[in-house]
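Structures are listed in the sections that come next.
Common to both upcoming complexes is chain A, partnered first by chain B, then by chain C.
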Partner chain A sequence: MSWQTYLNHAANVTTTPVLPTRRDEEWKYVSLQFLGHTDFVKAIATAPATSSSSIPSGAHEIVFVDGVPQVPATDLPFAAELIDRSKAPSAVFQSWFEAFAALKQKTFAAKGFGFEQIDVFEDQNARLWDKALFLQIPDGEVIAQPIVLRFISTSSEGVRAPRIWISASKRSKASIVEVYEGATVLNRLTLPVIEAELADSANLALTRVDRGGEGFSRIGRSRVFLRGNANLESLVFAMGSKLVRDNSDLHLVGENATARLHGLSVAGGDQVIDHHTTVDHVVGHCQTQQLYKSVLSGQSRVVFNGRVIIRHDSQKANSDQLNQSLLLSGTAEVDSKPQLEIWADDVKATHGATVGQMNEDEIFYLASRAIPRPEAESMIRQGFTRDLLMQVTNDSVREWLLTLQTEADQRLLS
Partner chain B sequence: MNLLEIKNLTANIEDKQVLKGINLTIKPGEVHAIMGPNGSGKSTLSKVIAGHPAYAVTGGEVLYDINFQMKNLLDLETDERAKEGVFLAMQYPIEVPGVSNFKFLQTSLNSILRHQGSTEMEDPEFRVFLKEKMKIVQMREDFLDRAVNVGFSGGEKKRNEILQMAVLSPRLAILDETDSGLDIDALRIVADGVNKLRNKNNAILLITHYQRLLDYIKPDYVHVLANGQIIETGDASLALKLEERGYDWLVQ
Partner chain C sequence: MSGEYKYGFVTELETEDVPKGLNEDIIRLISSKKNEPEWMLEQRLKAFRYWQTLEEPHWAMVDYPKIDFQDLRYFSAPKKLPDNPKNLDELDPELLKTFERLGIPLQEQKRISGIAVDVVFDSVSIGQTHTETLEKAGVIFCSISEALHKHPDLVKKYFGSVVPLTDNYYAALNAAVFTDGSFVYVPKGVRCPIDLSTYFRINAQETGQFERTLIVADEGSFVNYLEGCTAPQRDENQLHAAVVELVSLENAEIKYSTVQNWYTGDKNGKGGIYNFVTKRGKCAGKKSKISWTQVESGSAITWKYPSVILQGEASEGAFYSVALTHDYMQADTGTKMIHIGKNTKSTIISKGISADHSVNSYRGQVKILPSAENARNYSQCDSMLVGSNSRANTFPYIEVKNKTAILEHEASTSRISEDQIFYLQSRGLDIESAISMLVNGFCKEVFKELPLEFSVEAVKLIEMKLENSVG
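Let's turn to the complex of A and B:
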């Protein structure tokens, strides 16, 4: 598919989408009724971009205001191109895009997996964005400083549609962090779509943090293709927002690719966090690991729907999946649904789910060491999910996430 | 002045009476051992003193010297008792995933220092302080960065309890079957550690099944607890007698 074909398709997307309902299996646990009055028109920035919240130290930052990427700095150790819908993008992007579209088409051609199904939100994203971002990490480039994409909302109307393509070239290494913020009680909807290709032996960390206010919703998709020996380290940390629907899709198209998909949800009030993952072993000899942990209070709800596909010839695939939750209230709810579609016969695939409550013996142990009960409980709650953060390999990102974890825990009780 | 005076203490777990009138007085500098058959209430006594919420005290009091006044420990929360110098080395130390030993010990000590109005210890200072204490139980430094008791062997867990005791310097240390599950070498390390921490201002209450531990930590008094009451008190020789003859001659 050429760039022009993509634009033509986008131009034909309906302006009045029919939203999925709970009768739709993919949306069984989450009601979108509150979006009823959302007009699917572009959000227009109403205020200058400001944000005072923290990001990892030493980061290269690119700010999106109401979905629109701002001009990046010029001295970056990677290529960052703003794609304007009304202008021809660079030849570099066009040729990368065509190859990527061909890979996608080939991967999705297999029948029976439902890849041809249209996601209305992804379609709306294609229609709505004016400027998109293309990031390319050069061959063999190792970038130690995290690349932060910060998404700020100013407009109280319309929909934000950030669109990002990432090309991680051969043997490159980078850590990209998406931060969705907006401390507001107004209903704000963001529909980001991020696609990435990890070339042979590329190493990419993708961290996504939801720290929006009570009215902020994100319904997003990230889709990552891994070529041979590539490695992906993904973490979705939902600590705020009214609704988060995170669709994370992985397609392992080269042998010996490895991927780690981690999720951490700290939910309170009437927050809804819905993780839908698709891990598609297109070829054999790949390893994937999914670990999603949640801490829930109030009437919050966390969903984990983990789909694993191991295709017919994907022998020696190795796939683990685990979902663990800590329930702090009797009214919070966890829905955990493993969905394993295994067509090859020489594979290893595991899945599991646990739900537990605070352990009184652990609290007593800490209290008997002079630690007051509220502090003891906080240590135990944070300890429950800390392993996810400790495995983040970028030092600056990890330190930042640990401070966010404490912030999320405090917010849980307020 | 006495450090601890337990007077006619009775306690239940669920609806079952486990302690049926315990009387025990301990002075600073003393080591007391409590022995007794399984199910006699030894562990219950230790947990009631420390303040475990699963046990309901139905009568009596546990008086304890706080600033030269005998105060009822039962009126204090678990963490407040610890701040006043009560320490329980547990029979089955609890695993706390995701909380590093270093952070655990530091939070614990700083909580006590804050209570005493002393300056809290920052990371570098505390690490130096901790290194000295770790020598007492011959613990390797990599234990500090591991989660509390997670993946520790039985012996390592017990040593970790004594390390906590060394860090917190309690005035009343209750060691609940600290010797169980230890091989001879580990027992010696643990016992040596306890002996190094003994002084004239603190007291130790040892709960044990075996006389063996008392070869290493010499008690001033040995008590026999059976069916929720202390039925016999003697000196160290009582333990030897029990080792030889069992409990039957006392219980009958």
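Let's turn to the complex of A and C:
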């Protein structure tokens, strides 16, 4: 698919999408009724970008105001190109885009796997974005400082549609952090789409943090292709927002690629957090690991729908999946739907799910050490999820996430 | 696959059929043939009218050509059947021979075995054994048509109470056209003295079998119920859409075991039975128990989820399943455990084995409702792949709405490892016995839940079916 074909396709997308209902298997647990009155038009920024003190230290920051990226003029150790829909993008981007589109098409064309994943929201994203971002990490470049993409919303009308392409070149290493924030006013909808390609032996960490207000909703998709020996480390940390629907798709197209998908949800009030993952072992000898943990209070709801596909030729694939939930209130709800679809015989695939409540013995143990109950409970809650954060390899991102975790835990109580 | 289907023969019998097709007249005809009370006919018509408003479901991981419901015969019965066979000797000798070939000699069984059998041949129940012993204990075990006449109150009270007419597409169809099936009522405090069993046989061509089973265990009673099924080898597909309802009252226990061996279709996937069944039990009373044990080794397509509604306080549900698919078979099977009452417990053990080109999916749901304080669930579903063209899928749905619930789910998929085979071979076993031993070990947790006779049969069945598919 050429760049022009993509734009033509996007121009033909309907302006009045039909939203999925709970009758759709993919939306079984989440009602989108509250979005019924949304106008699918571009949000126009009403205020300039503001700075935030709460990002990892030393980070390169790119701010998206109502979906539109503001690329800083300073020297960056990576290429950041602003793609304008009305202008022809650089030759570098065009040739990368074509190769990527071809790879995508080839992967999706395989019969029997039902990749009908270009859903109504991704289509709307394609129609609505004005300016997109293309990030390219150069060959062999190791970038120690995290690259932070911060998404803020100023307008109370319309829909935000950030669009990002990431090309991690051979043997490069980088850590990209997405932060979604703001919006206490009802119905601010963001529909981000992020696509990435990890070239041979590339190493990429993708961290996504949802800390929006109670009026903020994100329905997003990230799609990552991993070539041989590439490594992906992904973490989705949902601590705020009214609705988070995170679709994380992974296609392992090169042998010996490894990926780790982690998810951490701390939900309270009437928050709804819905994780959908698709891990597609296209070729053999790849390893994937998924671990999603949630802590729920109030009337919140957390969904985990993890789909693992091991294709016919993906012998020696190794895939683990685990979903663990800690229920703190009688009105919260957990829905877990791990799915394994296995077409090859010489593979190892496991999945597990546990749901439970706070362990009284542990509280008693801490009480006997003179730790009062509220503190003991907080320790147990944070201990339950901390292992996920401790595994983040970038030091400054990890430190930042740990402070966010404490913040999320305090919010749970208020 | 060398283990040929030995039940694939056809019995030549004169049959009494209704014309092909499905409409209200056919339903009236079936009802009048069975001399049913008016309320039953009304229910049937209601179900039929509802069924007409439904769309055929397609969400399961199975693939089959569209079924033409007008091209089926909804009633077929052997002609020479006495009106009310009190004695099995009165039956057509051809029929008796059929069941001897199937390994169920009705005559001898009366004397030597300790199991009471109800035999359902195409659309009708042709007789039961051990009726006297059961009568003495007060247990009612008869065909559902007979029960409609002799025990109308019981049937009216429980019929459709677990699987309502409107439950799903095939349940509605069944409620409209069901022809026969078994009815069991175990009175208060009675431990059913012998095991009960129903044997289903499809014989006629172009028919569907729509049987209906209703088992009620009154307070403090216990019953062990077994079910077996076979069909002739035919090139066209035949539909089997049954409904099974179990009701377990306070302190009662029902154990329901199935060895399903319908014709699977030939090596190229031609023919075979479509087994689209709704099975559900309700633990209505305190401390009641229901357990489903199934060995699914037949049918071209199996699509069923034996479920338990855990309504009574401290009630328990269990599901033990071995599903084996080979050649071009497809199975989408599992269970549902709906926890409503306090302190309810459920266990799910599912073992799927897929060989050749088959697709084997486990689909299960565990639902903990807000009222289910201290609910407990343990689920384990393992799949084993034999050969590299088969597929194994797992789709568990876990929905928890109560924080006191404790729930564990685990699943794994693997194949028989070469190391294991090598080890057994080095101990002098040939490859076939090594594999059979490993498969049996894999299924052991389920087999041990089966009654003894079935357990032996199940082991043999699996061995026979897997012959030559490994190597």
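By our rule, the second predicted complex is superposed on the first by the 406 of 414 C-alpha atoms of A that agree within 3 Å, B and C clash if a C-alpha of one lies under 4 Å from a C-alpha of the other, contacts with A are read in each partner's own complex, and residues count from 1 in each chain.
Here is the rule we go by: contacts are C-beta pairs under 8 Å (C-beta built on N, C-alpha and C of every residue); 3 or more make two chains touch, one makes a residue touch a chain.
Just so we're clear, the structure is a prediction, and the values are computed from it rather than from any experiment.
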First (chain B), second (chain C), both or neither: which does A:Val177 touch? neither
Touching A:Arg386, do we find chain B (first), chain C (second), both, or neither? first
In the overlaid three-chain picture, which partner chain does A:Glu360 touch, first (chain B) or second (chain C), both, or neither? first
For A:Leu401 in the superposed arrangement: first (chain B), second (chain C), both or neither? neither
Per the contact definition in the header, classify A:Ala370: touching chain B only (first), chain C only (second), both, or neither. first
When the two structures are overlaid on chain A, which partner does A:Leu235 contact: first (chain B), second (chain C), both, or neither? neither
Partner with the higher number of touched chain A residues, chain C or chain B: C
On the A-aligned overlay, A:Val224 touches which partner chain: chain B = first, chain C = second, or both, or neither? neither
Residue ranges of chain A in contact with chain C within the complex: 25, 29, 312, 315, 325, 327-357
Chain B contact footprint on chain A (complex, rising order): 359-362, 364-373, 375-376, 379-380, 382-387
Within the complex, chain A is touched by chain C residues 59, 370, 383, 385-415
Please name which positions on chain B make contact with chain A in the complex. 50-54, 77-79, 81-83, 87-88, 90, 93-99, 103-104, 107-109, 111-112, 115, 147, 164, 168
